[in-house]
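Everything below concerns the one structure shown next.
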């Protein structure tokens, strides 16, 4: 097993592409986008499925090296420009070192 | 980066509101609900989409301070009253301390 | 709270059953399957919802003991035979020791 | 009677879905479509009923029929609970929850019976959808009373209960559409007929296809180890309920079609509204049991055997 | 005028959905169905319009009507912004974003008005769907100019803006279907009539049911603490827009139905296309405000009061 | 031939969807709707076919047509594989998988051709949907034999293979609906005509809109770097398959419509049933290639050029 970082970002669906483009540019080898049903934060409740889709959130998951992770987080300004609601970082281990 | 706790709860969709109300009351600043397709546990297989929706599960994700997390887990009785299938706690780091 | 392992596997939807059968056989007491909207990896972008469903991924989540986790990861050959795109392992804590 | 009348397309689609899922075919129907079809059926049934009773004289007999329906729903949980406690190994809470399902009714079973009546041009009282709506929830109250007397913990106060009973989604849509149809009358019919009448048989086929898949999958996922006595109950109880419904329909002097529908309502068991209510109000009851019995055993039994039986019995009894 | 004309089934279904959600019934409509119905309405409206103007002479008056529509959409954000800044506490970016919604239009409001005209057999110009499509996006441009002048940060260059305006999903589908209907003419009508005409009223009922649920839920989740002045704006602005639309329709000599529809377009506020565009182009504006105002206040107001008002006013003004 | 016949609404909707997605419009169709429409098309096609052959004499010629269809499906992978290995850089497993797609058929392509025949009132043999169903899976078996001979690892034993071939969702629904239509005959037609006939053209338009979006998106996500030789194959192979299908149809003496449909079946390539089967049975083959070729190149080519070509050729050849 090999040590890697797990970045988890909740962001508006309309702005997800800005986040994944950033991840691509910072050198992440991949990412996964999960749907979100509902959420609460400073803006109050956001429930998926409003007609214009502006309340839809997604969760972007990216497993990556410590290096890339710190590059991503250092681009804090740009990342927050995409207005992610939450960005968390966790340690994890992966099976295939060459994949990440 | 700032240290926080990541609480992850799998619970029946019909009981999700009980969990989020508890999180609200314990002082969490937010939460996110993700849909679940299927799961297995002590009850056997639960597949989303049965006509009455009783087999639907959701995953509730909450990033919060150690304090709030311990308050939530201390409300074990009430939390388990909502019959969550699983409650896990992980250490994580967040970008914006003021947000959680 | 009790220490456990959190296994997270992203795998093609058509092959998810192979992964959960493996988890069952290795002694996991349960698992949860989450839907995936889109992802990028070595194969390029995979977007859910293509007509034949071959681009659909899912995320399999399994909370389990260190023992079972190491058995699962040791079955690396079989696991990769099911072609999971990513397998990560994280430490976590659970509320009910008897459940996992 | 032609083959077509005994086994109409909708029933054959149910069998097709059931067989496909039992043989592990990958045939599947999106959840959103299943939900949509069930909304459609409730809306169409409600509107048709309302439009029908907007005609002069069409509401004659409504009140006694409603009273029979409500009595059936409120009382049938009692024999059901007795039977379950006497003859099966279910605990009190689960037995009470199961009894609520059999007192209540199934919209799709009703729709399938209506489809049959339409196909054979058998008329029925236009107000039957109101009876259907009225029968959805009284059984829930009875079952909760039984459960409380038995000492099972029920959650939710009187307010939550009232909301469950009067604001249950199926009840609201059925009654709401009924009222709208009634207010709209002939004008509504002219506008909405293609939607609610012409599409009905096709939508029913598609929905029964999905119900067949769902029932067979449920049996596979959760049916293993199902007690034989429970299976027996899930077949016997609709026969009892259907017979009582038939008698009730005759008692208030319904037409052949109306008696048949009342029997089908008595025989049918809820698998949408009641499970959700039980999950909230009686959380200690085992959903694995009650959904499986009503969805995977009683529903197929009613579609394949019950509906033809009761429509035939109604014809016999009203001649 | 009969009861049916004042409160047609579709409006009653809106009220049913609104009441159900307000009372916290569990009645709900799958997201995919809501999305499907909105695609269906756009496709049906577009096709019907195109088929209509394929008839000889039917495009007479199209150009002036288009010009009035575009002018309405492009200019109405100005008084809206003025009103908001003068009388409500909104910041510049949010005020600009809100003004874009009220300059633009709502396809479902238009569809509900068309449903009314059809039910009362009132003819209208076949090209009105093209006017609807043309009015979707000019307001976005005006609002962004206002926001920039006000110093708010807009994101996206001219290219993104052009894509938003010309390639917005609603615009593409409405105009595309219009063009296809126009090319297909009578042949297309023969083939597609059951789909686009016969199903229309039923689909509208189902969609308005879901809109009622959505509006009431939104009001519950986000309506608390909504400033009374904002609510006032969300009721006053459609009255102003409707009056200007009425005047515009009369100016270019539309028929009774056409004048009514132009007024309804002026009164309606976008809640699908514009919110998404604003989220991208004006991210600092508060989506909680603009979606709530247009979806949860103006839309219900228009469905319940605005449409009957403007159709009545159009009848009066064109006699 | 009118414009309407050359470019019917359904094809124009395909072009609209393709253009919208290619230009990065945000127009999109919910997944559940796409899945629903494909179930609907299979059900409607199957039922119509079954109802048609319930008429006296209508099954004459069924057996030879079935045999030609099965032979086409089972044998066409051979030249396809040869071509791919000789002229493109594909590895053995991927070449075998691609060849399965081109031996098999596309339900939507068939539906589009049926739509064309209906629009021009060209009759065709009622049993053609059974031929369509029969052609879905033989190609899978051939391709797996090729792959095994080539040394590629196939997963799943004979049992899984049999399930894939006989219990594939499309096959089950098509054949099941065909059987139900056949059993139901005229009674089923009376009941189901509005659903399966009147809605068909509209549903086809909506589905082709979504297919256009899907094809263009796929081309954008995965088309970059697609080898020119592969693109050539995806255009040449349907021409070969169509010509062989045309010859087969003539050989067994089908009508003009039947010959046209047989050619379209030969030309069409699967993108629903076969990709899923290949993912399971031949996991080492590159799904990025086979889905892209069949969905994003051959399908558009057939809809825009292939169908008109083959229907025209069939008219010519049967005069």
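In order of appearance the chains are A, B, C, D, E and F, and numbering begins at 1 in each one.
Here is the rule we use: contacts are C-beta pairs under 8 Å (C-beta built on N, C-alpha and C of every residue); 3 or more make two chains touch, one makes a residue touch a chain.
Given the structure is predicted, the values throughout are model-derived calculations rather than measurements.
Colleague: Treat touching chains as neighbours: how many steps, at the fewest, connect subunit A to subunit C?
Modeller: Steps on the shortest route: 1.
Colleague: Among the chains here, which has the CA centroid at the largest distance from subunit D's centroid?
Modeller: A
Colleague: Specify the chain most distant from subunit C by Cα centroid.
Modeller: Relative to subunit C, the chain with the farthest C-alpha centre is E.
Colleague: Which whole number of Å gives the spacing of the CA centres of subunit B and subunit C?
Modeller: 19
Colleague: Approximately how many whole Å separate the CA-defined centres of subunit A and subunit E?
Modeller: Distance between chain centres: 35 Å.
Colleague: Counting only Cα atoms for the centres, state how far subunit A is from subunit D in Å.
Modeller: Centres of subunit A and subunit D (C-alpha means) sit 46 Å apart.
Colleague: Could you tell me which residues belong to subunit C and also touch two or more other chains?
Modeller: 34-35, 90-91, in rising order.
Colleague: Could you list the positions in subunit F whose residues touch two or more of the other chains?
Modeller: Within subunit F, the residues that touch at least two other chains are 30-32, 194, 198-199, 276.
Colleague: Going by the touch rule stated at the top, which chains touch which?
Modeller: Chain pairs that touch: A-B, A-C, A-E, B-C, B-D, C-F, D-E, D-F, E-F.
Colleague: Residues of subunit E touching subunit D in their complex?
Modeller: Interface residues on subunit E, with respect to subunit D: 2-5, 7-9, 12-13, 16, 20, 23-33, 118-119, 194, 198-199, 201-203, 205-206, 209.
Colleague: Which residues of subunit E touch subunit A in the complex?
Modeller: 31, 34, 38, 211, 214, 217-218, 221-222, 271-276, 278-280, 283, 287-288, 291, 295
Colleague: If we count contacts the way the header does, which residues on subunit A are in touch with subunit B in the complex?
Modeller: Contacts found on subunit A: 8, 10, 34-42, 57, 59, 73, 76, 79-80, 85-91.
Colleague: Under the touch definition given earlier, write down the residues of subunit A that touch subunit E in their complex.
Modeller: Touching subunit E: residues 12, 14-15, 43-45, 47-55, 83 of subunit A.
Colleague: Quick one: in the complex, what on subunit B touches subunit A?
Modeller: For subunit B paired with subunit A, touching residues are 1, 4, 6, 20, 24, 29-35, 58, 61, 63, 90-96, 99-100.
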